[in-house]
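My questions all concern the structure below.
Chain naming follows the written order as A, B, C, D and E, and within any one chain the residues start at number 1.
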Amino acid sequence: MLQVTDLHAYYGKSHILRGVSFDVGEGEIVSLLGRNGVGRSTTCKAIMGEVPPVGSIRLRGQEIAGLKPHQVAHLGIGYVPENRDIFPTLTVRQNLILGMKSAKPKPGDRWSMDDMFELFSNLKERADVVAGALSGGEQQMLTMCRTLMGDPDLVMVDEPTEGLSPLMVEKVAVLLEEIARRGISILLVEQKLTIALKISQRLLVMGHGHLVFEGTPAAFAADDQVRREWLEV
Amino acid sequence: MSATETGSAATGKSGDRTGAEPAWKRVADDQMRRGAFRRTLPVWGAAFVVLMIMPLLFSSAVGVTIMNQMGISIVFALSYNMLLGQGGMLSFGHAVYFGLGGFLSVHVMNYVEYDGWWLPLPLLPFVGGLFGLAFAVPIGSFSTRRAGTVFAMISLGVGELVAACSIIFVAFFGGEEGVSGDRTMGPPVFGSEFLSEVEVYYLIAGIVLVAALFMYLFSRTPAGRMANAVRDNEERAEFVGYSQRYVRFVSFCASGFFAGMAGGLFAINYEILTEENLNLVTSGWVLLMAFIGGVGFFVGPIVGAIVLTLLQTVLSNHTELWQLYVGILFVLTVMYAPRGLTGLVAMHGPALRTGRLGILARAYGAAVVPLLAFLAGVVLLLEMGNVANQSVVGESEAHVFGLTLDVSTVAPWLVALALAAGGGYALVRLAPRLRDAFARATGQAGAAS
Amino acid sequence: ADPIKIAFIDPLSGPFATTGESGLRSFEFAAETLVNQKGGVLDGRMFEIVPLDNQISPKESLIQLKRAISDGINYVVQGNSSGVANALTDAIEKHNKRNPDQRVLFLNYSAVDPALTNEKCNFWHFRFDANADIKMDALTDAIAENQDIKKVYIIGQDYSFGKAVADAAVKMLGEKRPDIEIVGNELHPIGKVKDFTPYATKIKASGAQAVITGNWGADMVGLGKAIIEAGVDAPIYTYYGAHDGITATFGELGEGIIRSVREGSLNPPTPEFKALNDGFKAKYPDNDINQPRIFNTVAMLAMAIEKAGTTDPVKVAYALEGMEYDTIMGGKVWMRPSDHQAIQDVHISVHTNKDIVVDADNSGYGLKDEKTVTMAGKDSPTSCEMERPDA
Amino acid sequence: MVELVIFSLLNGLVTGLLLFMLSSGLTLIFSMMGVLNFAHASFYMLGAYFAYTISTYVGFWPGLIVAPLLVGLAGALVERYGLRHVHRHGHVAELIFTFGLAFLIEEIVQFFWGKATKDYSAPELLQFPLFTLYGQNFPAYKAFMILISVGIFIGLFTVLSRTRVGLIIQAAITHPHTVSNLGHNVPLVFMGVFGVGSALAGLAGVIAGPALGTFPGMAFVLGSIVFVVIVVGGLGSLPGAFVASLLIGWLQTFAIALDWSVSDLLDILGISFDSEHVLRDLWTLSLPQVAPILPYILLVLILIFRPRGLMGKRET
Amino acid sequence: MTAALQMQGVRKSFGPTEIIRGIDLEIPTGERHAIIGPNGAGKSTLFHLISGKYSKTAGRILLNGTEVTELQPYQINRMGLSRSFQITNIFPRLSVFENVRCGLLWSMGYRNSFWRLVDTERALNERAAQILDEIGLLERCDLPAGVLAYAEQRALEIGITIAGGAEVIMLDEPTAGMSHSETEGVVELIRRVTQGRTLVMVEHDMGVVFNLADRISVLVYGEIIATGTPEEVRASKAVQEAYLGAVDAGEGEAH
């Protein structure tokens, strides 16, 4: 599905990603772990084209490095940014509408607005409230739903459980599995291990700008050194 | 990046990491030392000296007149920046306080002349200021309720209303003729009756210095600092105990006071006030002065006032296209120097501090000739085009840069075109090198963008 | 010998630049043809017009005045906007008082506010145009003669000149034709009206048989067009209803309707004027001689300097006082000593394309004299009391 | 009196609809992109001048189509090569940019077309009185103006309510990256909206030019009144702009039609005043005199008492 | 002694939906009180009601026995209540130092005075520097606050809140977005500065909550379903169902 080879990225002159390579298979959940500030979000942004990528990014074999973010999105990559990046002045419904790639729902779409409201009943009640008024957790959910409305084939989810209550964290885990079941690949960026270990097929651990571990959750559990050195556990 | 440091440092109490003196004490001292007024004294002293010797350098009547106009504009633009730069309030009607302060000053001047009021002339600007304040208080009481577009639009509405009133209420505003007075009628001050321009100059210079000083100090007071805070985040200011509305109101009133003072200076210098002094054009000019100079800097509006006054009074005598040039300057400034002319200079601060100005000087040196060629070419084209456009038979001569060019022949056009195209091309080619030199000189990653 | 410099302070940029520029061209042409080509004055001193752009702002005018004074210029001419004229006359009076060794004369060629030669008059100011009251006197004479007119509508811009026109019209019509009803006396904001149709509607509804207006520029065009388009069939008496693009814009629409009150007869022209105009048109094909008084100003200044034998402003001013001059357009000008108001013939002329020799805006339309009042306002009262310096 | 009322209604309608044509474009630009576009009226002026030049060659009708397109193109270019650079420096910078642009366009117009009024006039086809009532003509051209503006209202309203353009732009003002991550081509949309807004202003100019005169000051005369319209109507609300335009149109025409003055009121109350008093101008103030400033009074009152305007959803 | 905060029948509706459905809560002076509950329960809304950002639909709120129901945020702040925000709310263009100093000005009695210069007031500047030291931002004091990293901004948010030395401090998710070690630092900081003061805190990190709080209230759908000591709350079945879920409450998460 997605194949990243020797990816570099820069903010001005600071070299953030220093040769990152990995791939994500069809319908697979891959988690990208690491401490604060190692460059996980930057990886997502580089794939989207929001930060200019240097290196090769292939989606279903097609090179997408150098494309504009909206072009990447149209090719089927969805990105759920961190920090509750909702449009505060628009209503919940309008936020979701903006997630769609075309003005009207297409027949083949995997998700409809009703699906979203079913999954998160909080949002349904608030459908016509401006998103800025939502609670922190609700904003987090909205961000995710909005991206799904665009019917991506691969979603990159950046810290989706931030600020969610324990119950809600579980709900998100369930949702992610449901997403994968519908044949969508997931690149999950997380800091907390709990759900990553539970739902992902493979784990990636990032050090300063490059990957320091790649393997199954089981292998990860066995590798104490990586956990100590690269994660705060 | 430093998020990890935060964690460990957060646990550290007022630790004495630097030895005898705790670190926080050093920071506090440092802050106080850097913010000390003493440190700016040399600048004020230099300003004083410059103001004193200017009339010796430019002694012609018109030179002094232009400097007087500059002084008035400086006070006015600084007062405007109290709103826009410091308080984040975009006003389209600041001329209201300038004009009303000025009109009332002229009326007071007339009372001095005819009704025997006693008022030495140097105090008149303060009277103007008080009137500016007197109008700012009621208007500010409702317009500062909100910031942003609401404030901007109210200021526009009020500006239009007052400008309209100035035509309707002839008894007060004197209609189209305006109101005139005579500054020499007050009691003499130190033997001066302010008959000559130079005497007026020194009066204005003194007031400019005093007003600028007070406006500078205002920005360092709690009220001034909170104006900044409210500009940045009005909601948060409410949660540290400040009423955003009242903070804006205080800035607004102070700004009205100084605008009125500038109006008083205008009354002294020109001895007449007319409708143009409080209409929207004047309000627009002061916005431009502040912005072109740079609203993010205290000296920004001063620079803007000087440059724009020069453009308006000097350039306009050399070309009838001056407004076109001013328009181009505005647009280019906003596009390429959004922090104003002062920002353009301040940008070079890091290079200066690290002593790497040399790198830049070389790069700039290489660009000077193409730049001049380009500018010359463009100006020539415009001026010749203007002459060619006007159908005056037998007058096909354009006078530019002291040259006389015949626009009915091909040669000058070719030369101008070559200059513009060649200069422009060379500049485009040089641009990456300039950018690179800049990045190297300032040592900033990505500073070029 | 040194040229004699004359500062021309008028708008040369901005919205009023057309008027300023056209005045400047007339001045330059007048100086060239009436003075310099004849060998200058005082044995070979030429006239040099120094254009100074005031952007029609009183403030800028005062700065330009200072500039002129710095350059040692003793003569200032200005015409556009009574506001500017007032600022200048005031500043010049103060300047002359404070600097007796460097005095300046103010030759006003176009600002018609009566106050300038009444309560605000001073020794240094001379007006070469007929003032608003004098023109109104002539205009109301014309209306008074037409017995068909029973209802008159007065409309003007809301500022001193507009008001002065309205007041004078009411007063003079009241004296000359008490039976005429003033069916409307209206002031509209100056330069702010986008669409004059509502005013035209009102004028039509009032049943006016004649309209008087002091409007100029875009306000004149807008008002005139709206009135005619609304179907008001009445003559429109104007102060500034011709030239500078206005005649061309009215074209066929204004035929026989728009009338202007002015000094200087254009049609039929005198042979001298025809020749002068041809010369002017050859040089400036897009401009007209629409302010004949400019030629009077230049010629009379030259005469006064010759007569005084010096360029000393005080002596020249005394020479100007009471001077009589036979104009190129026919008729006489007399500079009335009591208030420095030029007394001359005033014409009511009509916008037409018949019998037009000297047209306006190259449109084929022009102004044809319908009525002439000789030496209009010769005995008009003035409240002027000027202080005269020692010669 | 009836005559006056009928014609004032008609005149107000024409003025109001003209205002609407201008403010519709500005509503797009100001309320969606947040740009206080002071150059909007300048695009209106450009429309008139382009159409004038075109009309001297091929007549009025081609100009009606071509001139707005040219203005739209000019607007798009301005967005692409100017405004876009300025956008990231904030609203004040954008404002100054459009301020400078307004200045520049006026100078450019004078440079190419000169300073005098142009005799751009309505097509022969429409130069007849549509009807005559109480001896007063109602020109066919005015009816044409009414038709066009109503057409714009309907067209624009349909387009805006059927597409997400408005939403995209509103979201993109604050979160451009997020919006493009969702698959929307933000720069293109911005350029398009600015272009369309300018083209609408251009169209207004093409139509208003013959009626209100084509001269370099025509932009300045309209100046800030269009801002009044969209703020009073409520930012982002096209129906609001429509209502406010008509309201202001009628407010101004009726104020001119009705000769009420303060002194009439004083007469009724039996109060007399001293004609030399300092306040004499206040006592003789009449409604027609203040007609042009009524919108500004309305503006200030609305902002004080209902900052979101007549029909706006969010606060200004 | 009267309670620091008293809420009596507080209700809040947005349009037809009632978000806060009648809250009666008393927080005694000197207590560290945590409010927990699912997302969208109304915790932040309750904060907004207490601090004056929103006006109440019904009910009364008393601060140290004085009614503050109808007051503006700045008035309530002046009466000794200071709060932080869930979504970072600082002065982005001012320097870090300036941010903290602004938090201090009113409480140190400077008001809107324009006859004193901030840089000459020793007590003010030293206090600001001390606070910066406490929140670990002393080295970053000259940077514009807007360029700080997220975690640093969170720390600054807390710094501004505690600067004024208010008697009642309210923190809305103070550790959100922080790494584990940062969280520990902040918890220590909070513990220290709230010594002898009243703390009201919203937090999803159960580790933090059980570590700091004297008492806990659980807010679900705008109603308080339980109030008690950490042990009582952890043991409550209702709370587990509504909020804690299957996660072992005792351990918090991701340890």
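Methods note: contacts are C-beta pairs under 8 Å (C-beta built on N, C-alpha and C of every residue); 3 or more make two chains touch, one makes a residue touch a chain.
No experiment lies behind these values; they were computed from the predicted model shown.
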Shared chain contacts [chain C and chain E, defined touch]: B
Least step count from chain A to chain C, where 1 means the two chains touch: 2
Maximum inter-chain contact count - chain pair: B-E
Distance from chain D to chain B - Cα centre to Cα centre, in angstrom: 31
Inter-centroid spacing, chain E versus chain D (mean Cα positions, whole Å): 49
Gap in Å, rounded to a whole number, between the CA centres of chain C and chain B: 39
Residues within chain C bordering two or more other chains: 17, 158, 189
Numbers and ranges of chain A residues touching at least 2 other chains: 35-37
Residues of chain E whose C-beta touches two or more other chains: 149-151, 179, 181-182
Residues of chain C touching chain D in the complex: 15, 17-18, 21, 158, 186-189, 191-195, 197-199, 201-202, 204-205, 218, 221-222, 225, 229-231, 244-246, 248-249, 251, 361
Chain B-touching residues of chain C, taken from the complex the two chains share: 12-14, 17, 25, 52-53, 55, 57-60, 62-63, 66-67, 69-70, 81-83, 86-87, 90-91, 94, 98, 113, 115, 158-161, 163, 189-190, 282-286
Residues of chain D touching chain B in the complex: 36, 82, 85-86, 89, 91-93, 95-97, 99-101, 103-104, 107-108, 111-112, 114, 223-224, 227-228, 231, 235, 277-282, 285, 289-290, 292-293, 296-297, 299-300, 303-304, 307, 315-316
Residue ranges of chain B touching chain D (in the complex, touch as defined): 84, 90, 92, 142, 145-146, 148-150, 152-154, 156-158, 160-161, 164, 168-172, 280, 284, 287-288, 291, 295, 321, 323-324, 326-331, 333-336, 338, 382, 385-386, 389
For the chain D and chain A complex, residues of the former touching the latter: 162-164, 167-168, 170-171, 174-175, 177-186, 314
